[in-house]
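Quick heads-up: structures coming right below.
Both complexes shown next keep chain A, but they swap its partner, so chain B is in the first and chain C is in the second.
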Partner chain A sequence: MTKHNIRTSIGNIFVLLLVFVMLVPVIYMILMSFRTGEEIAADPLGMPSGLFLGNYINTLESMNYFRSVANSVGITLSVTVIVAFVGSLAAYPLARSTNAWGRAFIMLVALGLATPAFVTITPIYVIFRQVGLLDNYVGIILAFTALNLPLAVFFYVGFIGAIPRDLEEAAKLDNCTDFQVFWHVIRPLLGPATATLSLFVMLMVWNDFTYPLLLLTDPDKFTVMISVYRFVGNHNIEPDLLFPAAVLGSLPLLIIFVIFQRRIVSGVTAGAVK
Partner chain B sequence: MLRSLFTTSVIALAAATAASAETVLDVTAWKGNEAEPAGMAEVIALFEAANPDIKVELTYISRSDTDVIIPPRLQGGNPPDVMMVDMPLTKVWGDAGLLVDWGTDAEWYGRVPEGLQSAITIDGAAYVMPLEVIGMGLFANSDLLAQAGITEAPKTIEALKAACGALSAAGINPMLMTSGYPSALFTIANGLEAATTPVEDLGNGNARFVDDAGFSAALDTFRELAAADCFDPQQMAGVDPWSTALSEFQAGNFAMLPQGAWNIGSFSQNPDLNFTFGPIPSASGAGVAADLFGFGWGISTGSEHQEAAKTFVAFWSQPENLQILLDAESAYSPFEDGGSGTPALAADYDAARAAGGIRNYPFSVGQWPGALDGEMQNAMTGFLLNLDQDNSDILVRWDETVEDNI
Partner chain C sequence: MAELNIRNAIKRYGPVEVIHGIDLDIADGEFCVFVGPSGCGKSTLLRMIAGLEQTSEGQISIAGRDVTHAEPAKRGVAMVFQTYALYPHMTVRQNMSFGLKIGGTEKTEIARKVDEAARILKLGDYMDRKPKALSGGQRQRVAIGRAIVRQPEVFLFDEPLSNLDAELRVEMRVEIARLHNQLGATMIYVTHDQVEAMTMADKIVVLRDGRIEQVGSPVGLYEDPDNLFVAGFIGSPRMNFFAGKVTDMHDAGVTVTLPRLGDVAVPVATDAPLEIGHAVTVGVRPEHFDPSGEITAQLAIDVVENLGGVSYAYSTSQDNAPPVIIEWRGKNRPRQGGTVAVNFDAGCALLFDTASGLRLR
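Let's turn to the complex of A and B:
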């Protein structure tokens, strides 16, 4: 074995170890989900003695799982699509703007990124109550869209700025309108960026339970994270219910990530090599 | 079996009557979910059966999330009808006119013992109907103590030191005196017992911790326990009090843990864990029974169903209904005619209370500002990392926190 191979092997082992360390909480969560409450209480770090599926059955009965997953998927996908479309549409003129107002507006949008959630929560609630958007799918989708738009605009402005103007000029020579240029020339080039942005937005919307808990009161409209929240107490947890609930709660998102993995990774690395 | 059958029948009856319900009560609470059921579902089912025209919709919101979720609803003019509140919330929302004042002539108010009455009364107003008083003390693993030749959980500091020595010699981890809450609880309990000034004066700036020999002595005691091998302070500074500490005690890896009685239910899940719950060991007497006034019901002034809300809250004040919550929580009734839900394993704590060892946890009755709670927990974590700190440095910081939050 050459010196180079040995170094590569050591590097690979180190990376694998790092990956393992990062996966330990996930592995722990999955292993614990197959243990009874008594087993976990007696030996919190022990291995399951078998695949006890009773926890999953009890959890599914308690958390209205399929309904809440459907709600989460619907809300998450709606928000992601709207944020990607409106964000890219808003970012296009801003990225091409050369005047001071455009730059000032981008800074204003960036300010939205730095605004803490607790500052916006009361105004959003008060406005939504006045316009009748409480306990309503449209309301929660609009709220999440508003919260994620600054990120999308800021994200797309940088990405569109790197697209050569020559492509747009060629389209304009063919009599394309500004929207047609955006739709037929710019938008297809935003694929990798959109995949990456979608990942961030999906994670944020899927995992958040503060806004659904505030804006939704009908249990039939609750998201999966509110269902998982049922198993977390102020001072303790029900491990035999919480761990399966956490697995079930994160499973749909994991499946989505596996499906779109290639696009997401290419989006993250886009621009790294020219 | 009979009780389950009865409850099932009541729930079925409640479901049948829900169809004809006219009033829907929006109730929020940090109890009543799968992790901390607190008998809520049972009592609500009984209430709905007794009041077929009222349906209760309970939403679980944890205590920390209550601070985030409820204020926008109060400010937005769409508050829950009934909210679970503790004294810090009662003070803020009551002062802002957001909670209904029951008046001190309310039926349940007269049944609250005098000490608690004064704690829950703010400028003559009674905004909160208390639901429970819960103990904070010392959990002790009886089997591990027995292995070290100790027959009963220690109640004095000297007995605790001796127990720690015997446990260490037997190769058993004596105590989980972790960062944050457990170490703060232990120190506060000992400080309260030995305090030379009125407790409320320490929280309103009329007296200073740094001048109180009792709290300085409590810090000295803490140092002595570390020297007596009760715990490894450096290690304990890194142990999370709300996850690792609980599972370590539950797994039988440590002999003692200062914590709240609300853990009795979850610790009992380990059938192999033979444990007792007693008072916090102190310098003298039978130990400190650190009673916590946990929570109660408050009615929103913006509620559209105030009469139904009052009916609901009054229902909880009836001893037979409240007992369901007390049993589930291992807590004590806040009413003179109420009972106790503590199991036999908490007999030592019951005895300490009966012997006059009760010390009300000052934060839960509004005697000390809430900000001091966090400061004390942080200070004890820092103290674990450096036991050579001067007592007065720590106590002065507590005084400064009080001054900043009066």
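Let's turn to the complex of A and C:
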């Protein structure tokens, strides 16, 4: 074995270890979802004795699953699309501005990036109560959009800065207005950035439950994570419902990623600008 | 097709003035080359014409229309960038159609114009490729095609060939010249390469530090430069300069003594009012050294470059001045390390005022 081979082998072992550590909770969750409540209570670390699907049937009946998945999908996709569009549109002039105001504004955006989500929830709640956006799809979408926009702007400013200005000037000579330059030339080149950003935003929105918990009250508007969280009671956990619910709650996101994986990976590696 | 007039154009970046009042007229259908060293303001002036830079003062008009503050797309110009600036996500066809599509031209009309440009530039086989899948020369052609499709009144080129290798550069140079003949359009071409300027231009504009040094035809600038800068910049290898002093005066001119050539006395025709002792510079091009010339001097040769048909002999002096370059053809070429007698005709020598750099005619 050459030195190089030994080094890659050691590297591989570490990667496998890391993957294992990350997957343990997920595997545990999936395994437990097939065991009855009594089995789990008797032996929390045991293997399932068979593919017991009764949990899933019970869970599906008690968690309003399809309605909440539809809510989550709708909210997540809306937020992702709006964040990508508004974020890139805002980032374009910021990335091109050379004066002090532009840079100061970018710092302000970075400040938004550093603000924890639970700090903004109180003012958002108060404002939404005033303007009647509580328990409202538009409200929750707006809140999530505001929460994720700083990340998007920051992200896009870096990417747009790397696009040669020549392209914009060529487009100006090709009769484009400023917005047309953005739409026909800048936006298509942001594919890789948008793919990566969407990943972050979708994960964040799908998995967050503080915002929907506080901003939504109608059970028909609940997102899937709220539905899952309902099985975590104040004093006790119902494992035979919680584990299947957790699996079901992450499943749609997983499916979306599998479908778009090709695009996300190819987008990240494409290197559009050259 | 149109003429272009620039009146007292000034460009400032903040307090820094980089273009200092340019006056220039370019005739309809002319091929005009802006040439000068890097940083002299060629690109800035071109971009002012294109409308990509604001003009701080002065006036620019195209076809008699004042466009000083018009939008780039409203000036009737098309530009070919040094980096090509092709849209990476569009095919060749889309790249060439884009401007017309944005401008609202009809689909069949766009297709007709794009196909016509593709035919002129022999791009037919590449129309559905992305720029990434093209070689440098092909990308350059697409960039030119994109300009042609717009049927501009004035074509602008900013060092379009500087990213190509030497062989391709010669090829594209010929192609652009052919295109100019074919289209008959006004073209402005920026380069720092005086060979490109000499071979392509109808009119050369020599720029230095944001000012025009001289405007003229390639041959005009070569044979009759206005100052030391133009004389040294145009022509390759460059003109030899010999510092000297006026030692005698006569009816038709003055006699100049040149220490570098062993104090040889050279009679130069001039009408300029000079005095004995005036510091002057005499310029002699490498090819003007000729065995039949009446002025003779001895030079020590330290390097000889033999290119086959022609050799260049270099004579370096102790005082850090650029070497004297002598062109030789035919037999009896000098050898490295030897001393040779060089001759030239006094009629070929150009006289300059050393202090101001201006030509003394």
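We adopt the following convention: the second predicted complex is superposed on the first by the 246 of 274 C-alpha atoms of A that agree within 3 Å, B and C clash if a C-alpha of one lies under 4 Å from a C-alpha of the other, contacts with A are read in each partner's own complex, and residues count from 1 in each chain.
We adopt the following convention: contacts are C-beta pairs under 8 Å (C-beta built on N, C-alpha and C of every residue); 3 or more make two chains touch, one makes a residue touch a chain.
The model shown is predicted, which means the values in this text are computed figures rather than measured ones.
In the superposition on chain A, A:Trp101 makes contact with neither chain B nor chain C.
Once the two complexes are overlaid on the shared chain, A:Leu189 sits against chain C while remaining clear of chain B. In the superposition on chain A, contact is made by A:Leu213 with chain B only, not with chain C. Of the two partner chains placed by the overlay, only chain B lies in contact with A:Pro44; chain C stays clear of it.
By the touch criterion defined above, A:Ala170 reaches chain C but does not reach chain B. Once the two complexes are laid over each other on the shared chain, residue contacts for A:Arg230 go to chain B alone; chain C is not touched. Of the two partner chains placed by superposition, only chain B is touched by A:Tyr125; chain C is not.
Comparing chain B with chain C, the partner in contact with more residues of chain A is B.
Common to the chain B-facing and chain C-facing surfaces of chain A is no residue whatsoever.
Chain A contributes residues 37-38, 40-44, 62, 118, 121-122, 124-126, 129, 134, 210, 213-214, 217, 229-238, 241-242 to its touches with chain B in the complex. The touching residues of chain B, when paired with chain A in their complex, are 26, 30, 33-36, 57, 59-65, 68-69, 71-73, 75-78, 242, 246-248, 250-252, 260, 262-263, 266-267, 269-273.
The residues of chain C lying in touch with chain A in their complex are 50, 52, 71-73, 77-79, 81, 83, 85-89, 98-99, 102-103, 132, 146, 150. Residues 164, 166-167, 169-176, 180, 184-185, 188-189, 272-274 of chain A are the ones that touch chain C when the two sit in their complex.
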